[in-house]
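Going in written order, the chains are labelled A, B, C, D and E, and every chain counts its residues from 1.
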Amino acid sequence: EQTTLAVPVLSLTFSPTYIAEEKGFWKEEGLDVKLQAIPGVQATNAVLAGSVDFTNTASSAFLRANARGQKVVAIANTLEKVQVEIVISKAFLDKKGFDANASVEKRAAFLKGAKIAVDAPNSITHGYVKYAAKKGGLDPERDVTVSPMAPPAMLAAIRSGQVDGLSMSRPWPSILRKEGITLTVASTPLGDFPELNPFNYNLIITKPGFCESKPSVCRKLINGFKKALAFMHDKPEETAAILRRKFDKTDPALVDDALKAVIEGTPRSPIVKEDGFTSAQNYMLSAGIMRPEEKLTSFAGLYTNEYAK
Amino acid sequence: MDMKAHAPFLEVEGLAKRFAAKAGRGESLSVIEDLSLSVSEGEFVTVVGPSGSGKSTLLNMLAQIDRPSAGSVRLRGETILGPQSGPLVPGWNCQIGYVTQEDNLLPWRRLEENILFPLRAQGRLDEAARERVAALVELAGLKGFERFYPSELSGGMRKRASLVRTLSYDPPVILMDEPFGALDAQTRMQLHADLLRMWNVKRKTIVFVTHDIAEAIALGDRVLVLSRAPAKVIAEHRVDIPRPRDIDHLVLAPGFAALFDRIRQALI
Amino acid sequence: MRTFDRIAVLVALLAAWHAASLYFGAQWITTPWVTAQAFWRALMRGDLWHHGSYTLSAAVLGFLIGGIPGAGLPFVLRRMHTLRAVLDPYLVAGYGAPKVALTPLFIIWFGIGLASKVALVASVVFFLVFFVTSAGLASVDQKLIAAARVFGADARLIAREIVWPSAAPYVFTGLRIAAPYAIGTAVVGELISSNRGLGYSIQAAATDFDPAGIFVGVVALALVVTGLNAALGLLEARLLSWRPDDKTVERAQAAF
Amino acid sequence: MRTFDRIAVLVALLAAWHAASLYFGAQWITTPWVTAQAFWRALMRGDLWHHGSYTLSAAVLGFLIGGIPGAGLPFVLRRMHTLRAVLDPYLVAGYGAPKVALTPLFIIWFGIGLASKVALVASVVFFLVFFVTSAGLASVDQKLIAAARVFGADARLIAREIVWPSAAPYVFTGLRIAAPYAIGTAVVGELISSNRGLGYSIQAAATDFDPAGIFVGVVALALVVTGLNAALGLLEARLLSWRPDDKTVERAQAAF
Amino acid sequence: MDMKAHAPFLEVEGLAKRFAAKAGRGESLSVIEDLSLSVSEGEFVTVVGPSGSGKSTLLNMLAQIDRPSAGSVRLRGETILGPQSGPLVPGWNCQIGYVTQEDNLLPWRRLEENILFPLRAQGRLDEAARERVAALVELAGLKGFERFYPSELSGGMRKRASLVRTLSYDPPVILMDEPFGALDAQTRMQLHADLLRMWNVKRKTIVFVTHDIAEAIALGDRVLVLSRAPAKVIAEHRVDIPRPRDIDHLVLAPGFAALFDRIRQALI
């Protein structure tokens, strides 16, 4: 059997996908999975349009799509911890007496007046900036400016002083940290904002009705993911080796660093948890990337664990 | 034959043309006003008039590439053009040939292809036609230049090519706008003789515009004299020199000198 | 009459749009009516002006900064045949190189503000106008130039009085083509980095699963381009007024 | 001589590139030498062929599918003045609408394979060629048409023998401009959804911190465009051979 | 004055022109071969020759808008053109005016602006110049058409405008390529008279190409007859009719008929 899976960006957060492919876990199941790069929200659109069968998305985009009437269902979750970090250049922070050891609320207050790169408007990274600003007692609309741009452009923008920092998942923050030009203002992988976890960070989604019509495809796909998740926990060394090969142009130390956070956030089973939605929705509401009237009281019908269990 | 030859064949009645005013130029320009003439079948009519008097404009309307402001044109009794008539039909289905004042050769075609273009357009290009055209090309002194592009020909050669192009497909009516204007005396006289010989055989109806009074007399059955713009026919002279005419010694023909002088007077 | 026909076509297009929306589903193609409402709201809230003015400034500035040297340089290079011939393959390669892939460089050089979008637009417009203008220069009647040289016209006068008027129809074609590209490139530039502009608003609408927002952006862009095009058309009509007027053209066309 | 000059310019450009790389840092601009090595490796591994052939097929197919009607339709509409005048504003708006913003629609209609890239390229090329060709048709000498009508040429023959040759220089200009855009649009299409193609490889290199990979892609694209341009140049020289030959042009140019 | 007038002023020696072969056409074409002539200051030389013989090509080289394959051109003893000499200097710094066979008016400029273009180019456009030009315009029968574009003028009017354009700036040498070819007899004769009158006062050096033998005799001090291509000077006739000449009755001047006939013989 054949199926297609859209990958929104080349990122270590999709490690289970890469492992399943490299190790041939899907082949073992008798499923031929074609990976297709479709950036950002277009991947979800491609699923809705029926151009691809599956994609990965975070629950923030997932909930918003459903709230806007774009019905998609989640059939598995492969990452349950928020991976985003905000790093800000020393040049910006130093003159204000930033203390890296203070509480996250204190640190977030230093975002006042900062210009921060995010990957897309209304994305999870954008929401993270707003969330942090609010926790720091700032007005998220007025006190910080975000500037959406493509990730490689962010590095150029920070180095040339065009923006003061970025809000992204690894390895982007790690690169800057390693260069020593930025300090970490907020980082959930490093333990800030623990209330955000568990968070359905990487849902496997498809169109409603797809799995009903092709249950074996869904089952085989998720079985492959199950094996990949187990592999990552059981053989972290081998996992790292595979991913270093996949990201062969990236500094291996950065791969390992990012992978550490990813493995930590990787569940042992791809079951979709209700509280992953609850915390995601709370996060969206308080970050202001979901309107209060759109709040869902129940998540029933948005996901099924039929295949993940 | 004689009867038929004198029945009105091509008739122009009350023709007028005025060009609209334009920014930077106050009034509209009346180039032709209430012009009437009639040509019988097989007649050779020559038209003389000062430069800028509207001769080309008149031929443009006869060939239906421009529309009159008033008046009408009739061919064989049928009205083929009026200010309100249907869409213009240039050349009235190959009935009316037109050798324009500018050569209008296609710059991207060799001389040969340019000359054969009408026959090709009409789907009449066969061996016989090719031979006929080859003879015409030789007559016009263009032999050897068949594979030249117009930009590589002299001014006179382009003019001759454009003449041959129209003669090649033999339309019953031919309008000619100073076709021999750019030719040397030699070629010119020879072409006069050739044109008359050809006309004598085929008896085409010809309206021939020129600014050369001698040429007008030498060729025409009748010479029409146009006034300065707005043009009208101000005089009409029948040329009584018998045909076939001896072009070389025409100046000596009885009546030539007197006619020449009368036309010249009319033109002043 | 023509206005009437245009309205008829407009109605037909709107009907087709509506039908498409019904067929594909409103989450892909919002109906014209919903789009119009969203458009009106965005207009009233000032959003359209906020975003539109940003995109327009990037496009117009880039258009000028790229277009003026693009139209001027061929005139300078015109007489330097060797230089031109030598540079040609590199210019073509420069035209062909995907500027969008070089965004990091644009950001290093021009920052993430308006300047980088202006630079991106200018780099695209420059090559476009340059090549069209060069083609126009190749079409100049050399005989007119020779005649003018004979009576003592110098290079500048010839450029202004002969070369420019003959090349002008090409230059205008180039500008008309470049105008939508300028807008399009400004939009792409905003997708790469921005927090303002119609491109940004389209992207924001896309991540917000708000198809009406996308269509409002697209319609706004189409309107801006139509406006620019009309403005160029007026300018062209003014500068090329020597061409046989409408009357003459109609005549000649009727003749065919 | 010219070849020599070109090589001199090439060396100068490479030196400038190298200097820029030293100045900005190799993580932004890889040195020419490193790029050349990476290029060679990619070529040997077959990567360039793998990605390049995909981009090229999208570009060429889209170029044909958009370019042929784009060049043909103006000929058809030429005599339908009213229709043309009525459609004009909508065509302009269609030209101006940012196709890239409509990618979701392209994905719905054409999927995520080659077809959607081809459609995207075609939609861009069509409008471009359409407008340039229309401008070319406006430049046809009406007197030549009138003369041909007089001796019985029908619409088809006039289109082929008069209108087409006069418009051809414009059409070629349009095609030359459209060729790089076809490639550029194919690349953008790949950025939107693909797992193959030079655009994809550039994007993959960008997220993989591989500046040499980006530059290899950019250089490959520039080479492809230069090649396409040279091919169009040859075709043009063949079709427009009636123009005064080099000798004549040189003469006329020397005269100025 | 007489001495000076007969010193060689404009000299052509061993001039040759051959057009290169081209695809689809085997051999190169030799248009002019070993052509020599010399014109003294203030002389009016007319050149006749069959159409396509290379007259325009000759003038193109004298005006330096084309380069000879061999030979040289000297002005006032200085070599101004040879096959290897420096870049072409069209018009040799406004010393040599050229009324070309085609009108070469700028289509985007009104008649008036076209005519004033040379004076403007030379920075000599003042009130006096404008008045002088206005008089020339009137003389050429173009008054009232100053604000017309070339496409709105008749063929003859365009030709006259191109003539006036060159006369307006008064170059010491003027080359004319069939300038009166498209004019009606009336205007033509008047312009003959005007040209001679003007020349009589200013004594320009004129090389005048025509295909009209009568015109060549009427105007010239000397008539050069060119052969068919490749062109050479095959005959040279001094015109002994005294000046000022009465153009209207020239045919009656002693020697006219004989000269006309001799030239015609040479041309055959």
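Here is the rule we go by: a residue touches a chain if its C-beta (ideal position, glycine included) is under 8 Å from a C-beta of that chain, and two chains touch if they have at least 3 such contacts.
Everything quoted here is computed from the prediction, not taken from an experiment.
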Chain hops separating subunit D from subunit C, counting only touching neighbours
1
For the pairs A-D and A-C, output the one whose chains share more C-beta pairs in contact.
A-C
Measuring centre to centre with CA averages, how many angstrom lie between subunit A and subunit C?
38
Using mean C-alpha positions as chain centres, tell me how far subunit B is from subunit C in Å, no decimals.
49
Residues of subunit D touching 2+ other chains?
28, 104, 108, 143, 146, 149, 191, 206, 244, 252, 255-256
On subunit B, where are the residues touching two or more other chains?
64-65, 90, 102
Which positions in subunit A are in touch with at least two other chains?
42, 45, 49, 150, 152, 156
Would you mind writing out the residues of subunit C in touch with subunit D in their complex?
1-2, 5-6, 8-10, 13, 24, 28-29, 79, 81-82, 85-87, 89-90, 92-98, 100-102, 104-105, 108, 127-128, 131-132, 135, 138-139, 142-143, 145-146, 149, 155, 158, 169-170, 172-173, 176-177, 179-180, 183-184, 187-188, 191, 199, 202, 206, 214, 217-218, 221-226, 228-229, 244, 249, 252-253, 255-256
Help me check something: in the complex, which residues belonging to subunit D touch subunit A?
28, 103-104, 107-108, 111-112, 191-195, 200, 203-210, 213
Help me check something: in the complex, which residues belonging to subunit E touch subunit B?
19, 24-25, 48-56, 101-102, 110, 141, 145, 147-148, 152-157, 160, 178, 181-188, 211-213, 264, 267-268
Quick one: which bits of subunit B touch subunit D in the complex? Just the residue numbers, please.
63-65, 90-91, 93-94, 96-98, 100, 102, 104, 106-109, 117-118, 120-122, 149, 151, 165-166, 169, 171
Footprint of subunit B on subunit D - complex, ascending
143-144, 146-154, 157, 161-162, 165, 240, 242-244, 248
